[in-house]
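The next block holds one structure in the form of structure tokens; read it before the comments.
Chain naming follows the written order as A, B, C and D, and within any one chain the residues start at number 1.
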């Protein structure tokens, strides 16, 4: 039975084995659906020279932004990094490398990495900086560039509910990059709001099957909102 | 008078059709949602994984797990679906979105668009814009015709790093509605009260001007 | 409102526009989750010279097998076609062409077709008949072959529940190839067991968003079982 | 005595580990599920889109929408997940399945496997077999050591069309357990009561025989 019990007892255990220079794939879009406590554990651990693959880099003082404070990040692979000043500073100072990757290409690279597809052709980025130096091939009269997949030493993921088999369900738009990230880590670590009994999740409604999940931990979350926009009731 | 942001959005909204799935970029494009013609229904796609985006929430509806691609809190309409980023861009890149509206810094006579980077100044990243311009057949660019300093944004050749090559066919500016074909801009409509001369003067790329240039209707 | 109402009134309307020589992508695995009534409508319509992309070709007298009776199929793209005698006869007689495609490659080709990816690399089939004549490229010391995506003039799909926006939910393992097929048709036609009111399907639990669906019809289904296997109670 | 089908399955089952995700092919591989060691839990993956395949249903549980890759009616265990064929093969091709067990017509000293086609005789198709052998690191082939006519199935070079190239490292036959490395077969175990001579005689490809060949344990 124990073989499928993915639950670990502490955040320290959840991130055990993370070493300097490793690549981490992180779920989340902006501050939505980010594994905030796993990120804090990485900060606490002090691991350095990290390559982080994530659509964004959090904000100053929250999310992946906290890893900038002690310069733990060597390189970001992201589609949009406009939310933090510290990021800009380190980038301009040459202390931080960034590989800007179109959002859809980034999502597809993670999926491909998890699915055993080493590379795929896409129209996105053809004729732009993104396409420079990449293989070009024509299909049906249109030109496409070859993009290679991404895998990570670790993937860090935030889900809503899980059972101990590691089956995951995401809440609302907090799904975003998390399911692809989950498939693309050599070690995939997931933190969730709630761990339910096996059988409570309907098999056809599981977003991420437990086969992709190595470690699971229940956390409590701040869920900071980046742009609170409301209308009159 | 050059068009206001609202008038720009109103003009773009005339390109909507009943049953369209539409992706609206940040800024003026977002305003288009306010001018969907009566009796018509469109569904908004937000590239972070939401099809059927609704209005902003009321104060008590705010949910950190419910945001749009601009990272703003939003709601979902009845009939909405929510999915992963890979699924969202499968939709976009697979050409399933009927209309994409986005802003730009520059467009040129080849249909190139530059909208995400000003070297040395602005290096935030392209987000989903490169996927959107590569995946859509039907794209409308909205922007001011010229910069604050009067420099044309409709160029013979884009000067900034491209978001996409050869993908833009329709541009709605505060002065005119222009189409792009055969390596030229084609003037189709002028903003009410704007002279053809002013448009010609503020268009750096080759512009074909027909004998009659109708005024925009909203 | 009408713009998003995908429901059509008849099977004739559902398959309107299907012409000789077209390519149809069909969901289903064996006889499970197959669009049985849409297939019967194609038989009734008598359309010929069809290329059909489907994991299997039904059985003699049921599912896609019925289209063999009047030789409506010119070519099958399938991973396994061992269930019908008529198929074998027509194949050996040279009346039918078959492009055997590994099951995972077939699923991925449909997904890629729907997702705007014209081609992808895969290890599957390298060094076999399947890889012959295909581009080979090495990534991280392993060789992969280039497989091109598939799209169809029509896709025919069987789902469990739908709302009139075309949002779909599949039941149990009747999901199989249906979600990918749904994305890959120029015209995607779906038949379902039940049409529910908009809002009844939880947005995060929709398997196929309505954007992929052009026409929707409620059917009644035989759901024939190919291999009934049971154990003692 | 050569192994029975059940004994073959029992021997393969010894390769299982607690927490393994396993894909079992049609035929003898399917029987492996009956011999999971006590106190150990494995999860069966069925490539039509089911992780956590359970036993056949009782008569009143039969559901046409609930089948396995062999098109047999099945059940799902607690903790199962059900998904699309693309997701299923993403799992398989992405190397997430810990062990794959499948039958074969032939294997050879290069680790090639032929299992899906006999030209002019059997042209049913490869189903998911090519994906499985390309996607898995850990594959066990189970088959009889020789055909009914005594022809070896462990060859210097496969004669039938390949299912996969250079992917097989372990073979359990009714006579022996053999590993493949460095272009040779390596005899590791013999079936109880089977002589090394018989195995040597029925192995056409180069076979390395150690001084002591232990008997299989179940």
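Here are some notes:
Throughout what follows, contacts are C-beta pairs under 8 Å (C-beta built on N, C-alpha and C of every residue); 3 or more make two chains touch, one makes a residue touch a chain.
This structure is a prediction, so every number in the text was calculated from the model and none was measured.
Looking at the partners of chain B and chain C together, the chains they share are A. At the far end from chain A, in terms of centres built from Cα atoms, lies D. Annotation: C-D is the more contact-rich of the chain pairs A-D and C-D, by number of C-beta pairs in contact.
A separation of 35 Å divides the Cα centre of chain A from that of chain D. One finds 32 Å separating the Cα centroids of chain A and chain C. Once the centre of each chain is set as its mean CA position, chain B and chain D turn out to be 55 Å apart.
Centre-to-centre, using mean CA coordinates, chain C is 29 Å away from chain D.
Chain contacts: chain A has residues 108, 111, 115-117, 122-123, 171-172, 175, 203-204, 207 touching two or more partner chains. Looking at chain B, residues 76, 82-83, 89, 92-93, 134-135 sit in touch with two or more other chains. By the contact rule set out at the top, the touching chain pairs are A-B, A-C, A-D, B-C, C-D.
Looking at the complex, you find that chain B touches chain C at residues 17-21, 40-43, 45, 51-52, 76, 78-83, 87, 89-97, 134-135. Across the interface of their complex, chain C is touched by residues 46-50, 55-60, 62-68, 70-74, 76, 82-86, 88-89, 92-93, 112, 117, 123-131, 134-135, 161-166 of chain D. Those residues of chain A whose C-beta lies close enough to touch chain C in the complex are 108, 112, 115-123, 137, 139-140, 142, 144, 148, 169-172, 175, 203-205, 207. Those residues of chain A whose C-beta lies close enough to touch chain D in the complex are 1-4, 111, 113-117, 163, 165, 167, 183, 198-199, 203-204, 206, 209-212. Within the complex formed with chain D, the chain C residues making contact are 29-33, 55, 78-82, 88, 91, 98, 100, 102-108, 110-111, 122-130, 160, 171-180, 207, 223-233.
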